[in-house]
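See the structures that follow.
In what comes next, subunit A is part of two complexes: it sits with subunit B in the first one and with subunit C in the second one.
Presenting the complex of A and B:
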């Protein structure tokens, strides 16, 4: 062994250690290069958590920006059952603060099992929330979340709809416009310690939520309120089952009010039966009865199968045509064409039907928009019931002119009546006017496109019809639809309710309705009211049950919209015929 | 004996001291960073209760110790002929006594499940130290002195090698009862120094057999060691159990990327990586300073090794040569083992990163060890003896040479 050998050994030994360090440099580079991405991602998974930032749901606003559907913050108390040191103590504390029964909370907490987040109670007051936080129980906390509320409660509830507890629209416009209202949730990526406690916001870990857009309606809460109040009063007065009402601007098709009675409170929608959720104005067709007659009468004028002063034999109230016997409520012998409408003679209408023929009848009914959706842009709209021409039978020719054998929805009827108010155009009604963002910029204009359609009836026919319909209002003995300042034109209807088995009609079961426009010279409003199953012992004629409701609705609305009157005070508007006023 | 202090500096000694100070400084910074948590900060606890502040204080003491030891001639530890009072023997005896004491229940204190601590001073101070750290100093010094004294006799099995190995075995055995990692390190460094002293390779290999058997016994004796070995093969199979530390260490290293998250910006220390301040501080360095930072730390240790090699080669005596070799290998191997553990290159062992990991005893005794190395580097001639020059073919350097300082 020489000194040189010893030195070699030193070099080898220290070289060995240096080699080891060199190998570890390689090991580090290896970890980074070959496994680094996977390991770093794994580290991120344990260190980071994405916390959603809930977008605020957009508002639903009325035509003047009043909030119908709002989003507010609601505080709730939750528990993490896994980390609660003592379930019983926690339950008792929460129960004491919220004035609940601890025996109801504790089992729920125990049953929550391995869930990390259990909501004990939603909607607590700020003071209660503070007391819970002050109690300082680990695993017990409060949180705030956006919450849908309807400050106007029942207002237009069936149209507006409601949201589920998790904030998804499940009915009405809330459902239909959910994709607009919902917005886009943001996300907050937090860095947390091993005990899941967040302490940093990750780099680029914040994407703000985009709040939902607001939906602006054509409905005016003021008019809607008046309509709902009057409808409720009308239904109550005649002890009826239900009622619907709709108010339209006849030139644009903007729906100013749309009401269903009885309604419901979307804040507590589970307290009401599901049948209340339906917007019957658009979903439920019914046999319109006499309110349907003007469309056929106008067709007869347009087709020149009749002239204004022609006299019809109304067969003293009973007329057998083929296998069918038509009856009038009151027997009439001879009526002019105008009187047929004013007295609402079924026999007269049946004779008009025969003159027009099935093809013409069908043609005009279609041109008035029956048997198809109005395109109002709301979900669940019915197209009504109109048999195709090939399935018409011998009865159809005389049934249809008096509003039988056809099912129409209230919106269809109101829309078609606009034809007499706007110069013959068939408008598309709409309720959703625009989608706007938080700054009020219009994101999407929902106004239906205007198209110049051929007038359904020629102008002279329309003028004649409006004149006749004014007489309907003015010549009734009760004058229940007359307004002192504005000339109303309209038509009553008292339809019997068809039996469910399809064999004829129920006894003493009616839908009393009234459709009207105002003011006659330059119509600005069309309103329709139908009241279902009024108590026949109190009254059931459309002019008696529905017409006063329409009158009050129009009175409120005209005043609210400051539509100038077209009648000089104390003018005598009654024409010759004032004997009786029937359907 | 009149003691003259070695105050002259050489580039080698300066380099050793500066590198060591750099590592210790990094250690303090990283201990502060790794100690960061959502709980109380270092200043919220009492001074002595805060590991970060303690580390800062001990590092100051250690730096002083390094400088002082580096100017005290290391040859005072050499065995001097014909004298009865040999300081190195006293040191060895004290170390062995403390190692034995720590094993006695009631005296030795258990921390983290192992009885490795002796308490010093009143309990309120909470001061304690690990005798295994003294063992490293004592063994290195004694082995260098002994081997230098017996000289060529190391090549004789019965009279030279065996007593030396028995002595090393005593240390290893006492330490190994509670601290397998340190025992393995002592055995490794001890064997290397004996080899460096000139022992026959086949003797060592022959003696290695029982050592390997002893090693296996030590592994089997404690079930947690077997478990550690098994987990090492595939730590991700049991990420919540035995594989937790290795997996978290790898995640820590990888999540820093090449350049790191930035000093103090690590996340794994918040409860994910256990022992981030002590044994796994290298992972935290990698997370915060990146793979590049980790390589830089390895580089600093490499500088120490390189300077240690220079000092070894230039040492004026056999004692100095073996002392420098022992110190260099002690630091180098411990650093390598620690980094190998945290990079999951070898099974998990409780062994700290020299000079960097938190721990007062460790940093002070390593400072003393490196002080000795620096002293050898000071005493060494600036020029390294060339391979061809010097008494290359001369016979074995004798014991007198080793004790030359006393002359």
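Presenting the complex of A and C:
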């Protein structure tokens, strides 16, 4: 072989190599230019996936930061029915681990049809999840899902509400503040390997979730617990149908507790009837009876149609005015204006109504906030029932002063009673204090703005009324609302329940109520309790049924908030605080 | 083009190719580590949320009273604040 031949061979080899490389490069250029986009998209679909990053739903906190409602993650087990090698074996394995009957699972798996994701059971333990993973059955797996939890169970359940299985608020504050609590989901793009396992978090495809904001309430869990316990005890003591209670700070309108009995556990809300979900403190008006009398008595003083020492003929318990006969629960002959309230004389109040007249009555009732929503800002609040003045008649003049012909909600009555505790202002109650972010920064302050309005009654009238209401508590036969170191002022109510057909009142059916403020010298609390349909054979007067409940609620709350007493401790009034505190 | 030169070029190309593969491998490992850390973060968050719920249950007033009762302890009420003597 000559040198020329060798060189030729060399050139041939290099030429072939270059041709091969050229072909390769040419192919690469062709793929990139003509097929690149389609193949890149196909690769993306195979390898990449956008995974939503679920935002954590915000917390609902009490006034002291205790968690009332929170989202946690729970482990659940799922199956992909289309790839399960043996449905029966899978069902038996899962049933054994979860201590279920295989017959409950297998039919559902078979009926799942074309579904690729079928949840077998939600909320399993970590041990069970581990066992399922170790079983190694292809098509069977576990996943984490957010789950709303209410660690305080029934506490303020009607106010807090609950969420649907997909985490959307559907009742109460959960629904009302859903847009604050929800947050915004994020997204992450992952790259999968051949086994579909995520191994790469694509940098450019990551947007973190913004977790929901937290809702801070004015409700204090300690006070709410005391209120719920005492309300439940009061209802049980008199075999009553139900009860409601509310505690307000009279100067700011902050609602410290709001209770409904019977309640429900939002962790298992489907176990309870829908009637339990209602927050009857704001939704259900009722005829208030004698708890309404202070508002009319104060109006009479303000309009100067009566003075404190004036004496009224209470007709020995039965008085006919026109077509109407009014009766007192006890026959009285002559009572002073103050005694009309202390003894709760319907006849005395009827006569005050006549002196005021319908127009004045209507004006003061409206000024006290009745016949309109309180502005508490909770969904479902009722305006109560107040007929327009044009529809009032002669009956109205003597009915309204004794708390009939009007429907008020518990929150309306408590809010209006604050007038006697805060210098005459009609405050706006509120339950939601603020919306805060994860760092505690206030996103939205929900405290109602203060508005300078004229006092509903003049200061001297308010002082006089508070004196009278103290006497109601101190001079009542049972003195069931008295506290040892704090002067309580309040009014009882024993209202008949109107018949649904509008023809009078049911026999032996009452709402027993009591509204009170404390301490009288410088009020810091207003509390209201109403107990519906107590067993009349056991007791039904407001002073008997509701007043002791209010007393206990106030006792707990005063001690908890360290509110100083305003009277010298009285051995006659004192109860054993240590014993009672540990009930 | 001499053979040594061609071999040198070939060697260079292989070296670059190997470097690219190694670099890609390292990138993939780093990205995988980020993905693992992300998964660990989620797991830690899960444990934090569960701990929050557990703490909330323990702070519940009824639960505190129950635990005190179980331990035969009484909750000492605060002393009533009396009206100051005048």
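As a convention for this text, the second predicted complex is superposed on the first by the 508 of 583 C-alpha atoms of A that agree within 3 Å, B and C clash if a C-alpha of one lies under 4 Å from a C-alpha of the other, contacts with A are read in each partner's own complex, and residues count from 1 in each chain.
Convention: a residue touches a chain if its C-beta (ideal position, glycine included) is under 8 Å from a C-beta of that chain, and two chains touch if they have at least 3 such contacts.
Since this is a predicted model, take the numbers as computed values, not measurements.
Contact with both subunit B and subunit C is seen for A:10 once the two complexes are overlaid on the shared chain.
With both structures placed on the common chain, the touch criterion links A:144 to subunit C but leaves subunit B unconnected. When the shared chain is aligned, subunit C comes close enough to touch A:155, but subunit B does not. In the overlay built on the shared chain, the residue A:194 is in contact with subunit B alone; subunit C does not reach it.
Using the contact criterion defined above for the overlaid structures, shared-chain residue A:236 touches neither subunit B nor subunit C, since it reaches no partner. By the touch criterion defined above, A:2 lies against subunit B but remains apart from subunit C after alignment on the C-alpha atoms of chain A.
The intersection of subunit A residues touching subunit B with those touching subunit C, taken from the two complexes, comprises 10, 14, 191, 199-200. Taken together, the subunit C residues at the contact with subunit A in this complex read 1, 3, 6, 28, 31-32, 34-35, 38, 42, 45-46, 49-50, 52-57, 59-62, 74-78, 80-83. Contact residues on subunit A toward subunit B in their complex (touch as defined above): 1-7, 9-11, 13-15, 17-18, 20-25, 27-29, 31-32, 35-36, 38-40, 42-44, 46-47, 191-195, 197, 199-200. Listed in rising order, the residues of subunit A touching subunit C in the complex are 10, 14, 56, 66-68, 70-73, 144, 149, 151-153, 155, 188, 190-191, 198-201, 221-222, 225-226, 484-485, 559-560, 562-569, 577-578, 581-582.
Here subunit B touches subunit A in the complex through residues 37-38, 152, 155, 192, 195-198, 250-255, 257-258, 267-268, 270-272, 286, 291, 294-295, 298, 301-302, 305-306, 308-309, 312-313, 321, 325, 328-329, 332-333, 335-336, 339-340, 343, 345, 387, 390-394, 396-397, going by the rule given at the top.
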